[in-house]
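Look at the two complexes coming up: chain A is in both, with chain B in one and chain C in the other.
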Partner chain A sequence: MSSALHCATLAAYILATGLYLAFVVWQRRSLHLAGRVALWAGFGLHTLAICSAWLESGALPATNLRQSLDIFSWGLMGASLVINLRRDVMILGALTAPLCSLLLLAASVLPMPDAPPSKLLSSLWVAVHVITVLAAYGLLAVTFLGGVLYLAQDSLIRAKNLGAAFRRLPSLTRLDALNHSALVAGFILLTVGLITGAIYAQIKLGSYWRWDPKEVWALITWLLYAALIHTRLVQGWRGRRGAWLGALAFGVLLFTFLGVGLLFPGYHAFDSLPKLEGNLP
Partner chain B sequence: MSETPSPASPGERVWNFFASVKLSFALLLILAATSVAGTLLPQKEPAQLYLEQFGPTWGGLILGLGLDDMYHALWFLLIMSLLAANLVICSLNRLPGALKIIRKDPAVDLDKKRSPAHGFTLAGTPAASAETARRALAKALGKVWEKPFQAGGGQGLVLLSQKGAWSRLGVYVVHFSVLVIFAGAMVGNLFGFSGMVTINQGQTVDHIMQERGQEKLLGFELRLDKFTISRYPNGMISEFRSDVTFLQNGREAQKNSLVVNDPAVFEGIDFYQSSYGQRPGLVTVRVSRDGQTFDAKLEPGRWNPLPGGGQAGVVEVHQNVNMGQMYSGPLARLAYQPEGGEPLAITAFKAGNRMPQRGPVKIELVDLEIVPYSGLQVKYDPGVWLIWVGCSLMVIGFFIAFYLSHQKVWVRLEPAKGGRTRVEISGAANKNRLKLEKIMERLAGAMRGGE
Partner chain C sequence: MNLVLIGLNHKTAPVEVRECLAPKPEALEESLLELTELPGVREAVMVATCNRVEVLAVADHDQAAQAIAAWLAGNKPLEPEAVRRALYSHRGEEAVRHLFRVAASLDSLVVGEPQILGQIKEAYRAAAEAGASRTVLNRLMHKTFQVAKRVRSETNIGGAAVSVSYAAVELAKKIFDDLHGLSALLVGAGEMAELAAEHLLANGVERVLVANRTLERAVELAGRLARGEGVGLAFGLGDLPEVLGRVDIVITSTGAEHMVITQDMAKKAVRSRRGKPVFFIDIAVPRDIEPRVGELDGCFVYDIDDLTQVVEANRESRRGEAARAERIVAEEVVKFNRWLGSLDVVPTIADLTKKAEDIRAAELARTLHDLNGLNPEQKEALDNLTRAMIKKILHDPIMFLKDQHFHASDRARREQLALVRRLFHLGENGED
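Let's turn to the complex of A and B:
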């Protein structure tokens, strides 16, 4: 059931990619609206796919790289759709639709977890921890994408190149508003994700913080975003410098998510997650 | 950072240094960058490992900088303390200003001229429009302050309403929460402990081994009543369980069944099931010396006094050794110390062996018990509740700091020519100007709707 839903989700995202590319070329509002409908439908199917996989295995399906990419793309799509209810940056769909399609495609060819999830992972605490963290990643990815658009638009304006590309990109103010709200919401969710993980670790593993590589890198990511928020709020680094620092922070976030999961040992490593046992030394 | 035009005294300069947001920014980045090292280098391993793996120069450097346990290294804690100091001083520097704004009487400067976001004229006198303005303001923001003034030969009126002044404290809630979390971690480090204890089935212990090998008295006793392993039909282990009793002054105080990830708590100390195995229990020996023969039960891991003086201990046991014709069966290596004499190493075999015996004492093995044991992780952290308080405060603080704002809206009603009224709406917000603009727009709509 979940794999059929997975395919349907992918189909909807690919359809939306086509619609948004057409929108970028012809700039018809109807194409954007159709693309948005396809994305919402895809996101609904995606949610159902995750829920059905959850019911099948008894634990939130986030126990290896394949499943984590799947949930990350869900978080990214959800974040961009929800944020856009208020901000209405139309071009965002043209970035998230192909990106989430690629993420889902990558997930499709990666292997399924080789072991049923350990009992420790079926707790609701784990589900909340994973969903909040990956939704935060999604929101911070939206900030990153918005930052890229910001830098692109900014360089067009500086070069006084006010042609086709300039007309297709949203105004700097609007992009900055998008970046700000995604950044703040992402930072809060990341904090909540770290806290729920700490609570569960205290209950089951005996300490709220173990200096596991994933924990440390998540803390590094958190510190960078904290620094970014300070520069924005206090020093007024909206705009270019903020966008560059945001890109650095997002690079570190990606490393925390993928690099640490693949390269470092520890109980958060993708290949040891399903077998997570308690009372780690 | 507050820039003072007059040259600052050294004290002021130190204060300003610590109050600066640039310092926070730098410290956050430094903490982030240095934390990386601890994920690349193995942590808390024996010193020898670093010297072997990285060579004497680099290994020595790692050990010298404390990178083998960097999150507890002095310099790392120093950066954390600098961040804490920065947080405190930065907040102290800004808090009085924030409090002044929050406590400011709205009636002061009420009739000051402000640049309006919306300006239009309405029919009728200011007094006629005042009621609409009052109602619309109250609906949008709450309590309304008013002040009449004289202008253009008639009487005008300024109305003000504001909301969320206290939300300016949100950022201090967040900063305070970080300090609470730091405090929680410190309390845990200073007053908490963690370690391991292994207990044989039937044994009672009163202390645990801490990380660096020190013993720690618990202040109560813990007995392992029974250790059970349950298996799936295919032979895989499904669960191992320790039935334990906590004893306070020798009296049973609490009984628990410990399984993995289901800890027991006694006197605030957590006990987690962690490992298990089998090992020698009591070793019964028959001692012959000075023409006397007696049996003694030796407990592993300590000196056991013998009847008639002297003591003996178990060094190691083997359940079965095969020495061909000479001997086959269990064996125990013992240490024996006669009263007032030097300790001797003695190997004890079962009776009927053909091993040569020498020396003033003969010790034979009567019985060798093999008992299951259970390994428990023990953890006491009196700072945990501070961590949770800090985390909750942080999330609450975030919502206040990021999603609530101090919004102020003024409506100025001034008499204009032809018995009309000039309406000017202006506003101020410490953040979320979008929301402020919407409020002012709605207000303008409500005022005009009355025309």
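Let's turn to the complex of A and C:
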């Protein structure tokens, strides 16, 4: 059931990718509206796919790289759709639709976890921890994409190059508002995710903080985003400097998410997650 | 079909002539009634804008066109001969083409400007209310609106700004999204800056501050722009460092020989605005704003040359779009002419006969298929029978149509033809 839903989700995202690319070329509002419907439908299917996989295995399906990419793309799509309800940056779908299609394609070819998930992972605490952290990743990815668009539009205006790209990109203020809301919401969710993780570690593993590589890098990421918010709110780094710092923070975030999970041993590593053991009650 | 279009525009007549010919809005209905009472004029629409005065009419004969021209030139405090020289007149297909081109803004002073379509719609509404626009013009005007819409959606003719003020507003919208609630600052109280400020206000900017070497002029201009007291909005040049942090858009146009806004001032201003961007428009020669201001985060500087270049590039692209628009117009003119032609008698008779024959052939084939074993004579008898029936039934309608052709007036004939076509559901040729 979950794999059929997975394929349906992928099909909807790919359809939306086509619609949005057509929108970028021809600039018809109807194409954007159709693309948005396809994305919402895809996101609904995606949610169902994750829920059904959750029911099938008994734990939130985020125990290896394949499932983590799946949930990350779900977080990214959800974040961009919800943020766009207020911000209406039409061109955002032209980035998130292909990106999520690629993420899901990558997930499709990666192996399923080879062992059933450990009992420790079926707790609701873990589900909250994983969903908030990955939704935060999605929101912060939206901030990154918005920052890239901002830098592009900013440099077009500075270069006095007011051609097709200039007309298609949204205004700086609108992109800034998008980045701002995604950043603040993402930071709040990231904080909640780290705290719930620490609390569950205290309950099950006996300590809040174990110097696991993932924990350390997550802290570094959190500090960088705290700095990003601070410079934005206090020093007014919204323009190019903010976008560049946001790109740096997102690079570190990606390393925390993928690099640390693949390269470093530790209980968060993708290949040891399913076998996680602790002092079970 | 006797469509005529008579008028003058910005290319053929100076503004003194155009403004004399255009009726006042309250006198428009009366003018339309006068027009329809001219000999041979059946229907009329009058388009009067600041750039053109045109009468579109359905006329019975050529003298009607002359009557309209005489009416346009007469009773005006102008030399009638001067008006006549400025008038152009188009007939039939050419009149349709001219109207389509005007509505699609291909004949405008600024090609692609959007107001003209609204003005033509207004003119049509007035004519329809006065009863001066009927079958043919109703149809023609609706087609015109469709053509203009098609040109607008299939070409980018209205897409890019072609004046410096428009270009500035377009840029400001790509920086601030929406100009509502923003503040602008004029540095220097020149006429061009005032024009640009008017344009910004028309696009939603909330208030315009003025800083000038002499405070009196600043107060005067600020008051004029605010439509009231300008004291709180006016400053001397010495206040610039402080005022700069309070505005989103800055337009400089002083005659000063030195830089009026330095990078340092701009940096402080952006910092006091917590990084919110500032758009600097420098229309002064020599320039008033240090070019290095444009390197700062959140500062965008366009000088008069930059804006002129933007406008030139846009004009260039509009010329390309205009060529595509002309093709659309040509296509639509052909379609409309086909419809006009279909209003004539002969095609209607042909359509009617064809429809009846098609029905007869289909029904006969079905019947012969069901009745097996008929010999050829019997088949031929059935064929003759149905043929005769069709002929007798159609005889009177066809006689009626021919009668229209020879005896009815143009208008009556068109109305009767339209009725017959509707009655027999013949469709309207030239429809898309």
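Here, the second predicted complex is superposed on the first by the 278 of 281 C-alpha atoms of A that agree within 3 Å, B and C clash if a C-alpha of one lies under 4 Å from a C-alpha of the other, contacts with A are read in each partner's own complex, and residues count from 1 in each chain.
Here, a contact is a pair of C-beta atoms (placed from the backbone, for glycine too) under 8 Å apart; a residue touches a chain by one contact, two chains touch by 3 or more.
Treat the numbers as computed from the prediction; the structure is a model and nothing was measured.
Asker: Quick one: chain B and chain C on chain A, clash or fit?
Answerer: On the shared chain A, the partners fit.
Asker: For A:Ile220, using the defined touch cut-off, is the partner it touches chain B, chain C, both, or neither? Pick first, second, both or neither.
Answerer: first
Asker: For A:Ser171 in the superposed arrangement: first (chain B), second (chain C), both or neither?
Answerer: A:Ser171 contacts chain C only, not chain B.
Asker: Which partner does A:Ala198 reach: the first (chain B), the second (chain C), both, or neither?
Answerer: It touches chain B, and chain C stays clear.
Asker: Could you let me know whether more residues of chain A are touched by chain B or by chain C?
Answerer: If we count touched residues of chain A for both partners, the winner is B.
Asker: Would you check which partner chain A:Ala127 touches, where first means chain B only, second means chain C only, and both and neither mean what they say?
Answerer: Neither: A:Ala127 stays clear of chain B and chain C.
Asker: Quick check for you: in the superposed arrangement, does A:Arg240 touch first (chain B), second (chain C), both or neither?
Answerer: A:Arg240 sits against chain C, while chain B stays out of touch.
Asker: In the overlay, answer first, second, both or neither for which of chain B and chain C A:Arg158 touches.
Answerer: Second partner only.
Asker: With both complexes overlaid on chain A, does A:Cys51 touch chain B (first), chain C (second), both or neither?
Answerer: Neither partner.
Asker: With both structures superposed on the shared chain, find the angle between the C-alpha centres of chain B and chain C as seen from the C-alpha centre of chain A, to the nearest 10 degrees.
Answerer: Once the structures are overlaid on A, chain A sees chain B and chain C at 140 degrees.
Asker: Between chain B (first) and chain C (second), which does A:Val82 come into contact with in this model arrangement: first, second, both, or neither?
Answerer: Touch partners of A:Val82: none, neither chain B nor chain C.
Asker: Pick out the closest CA atoms of chain B and chain C after fitting on chain A and give their distance in Å.
Answerer: Here the least C-alpha separation of chain B and chain C stands at 6 Å.
Asker: Which chain A residues are contacted by chain C in one complex and by chain B in the other?
Answerer: Dual-contact residues (chain A): 235.
Asker: Would you pull the chain B residues touching chain A in the complex into a rising list?
Answerer: It comes out as residues 21-22, 24-25, 28-29, 31-32, 35-36, 38-39, 43, 71, 185, 194, 260-261, 263, 270, 272-274, 377, 379, 381, 384, 387-388, 391, 394-395, 398-399, 402, 434.
Asker: Where on chain C is chain A touching in the complex?
Answerer: Spelled out, the residues of chain C in touch with chain A are 159-160, 170-171, 173-178, 270-271, 273-277, 294, 297-298, 300, 302, 306, 309-310, 313.
Asker: Would you tell me which residues of chain A are touching chain B in their complex?
Answerer: 119-120, 177, 184, 187-188, 191-192, 195, 198-199, 202, 204-209, 211, 213, 216-217, 219-220, 223-224, 226-227, 230-231, 234-235, 252, 260, 264, 277-279
Asker: Can you list the residues on chain A that touch chain C in the complex?
Answerer: Against chain C, the touching part of chain A is residues 153, 157-158, 160, 162, 166-167, 169-174, 232, 235-242.
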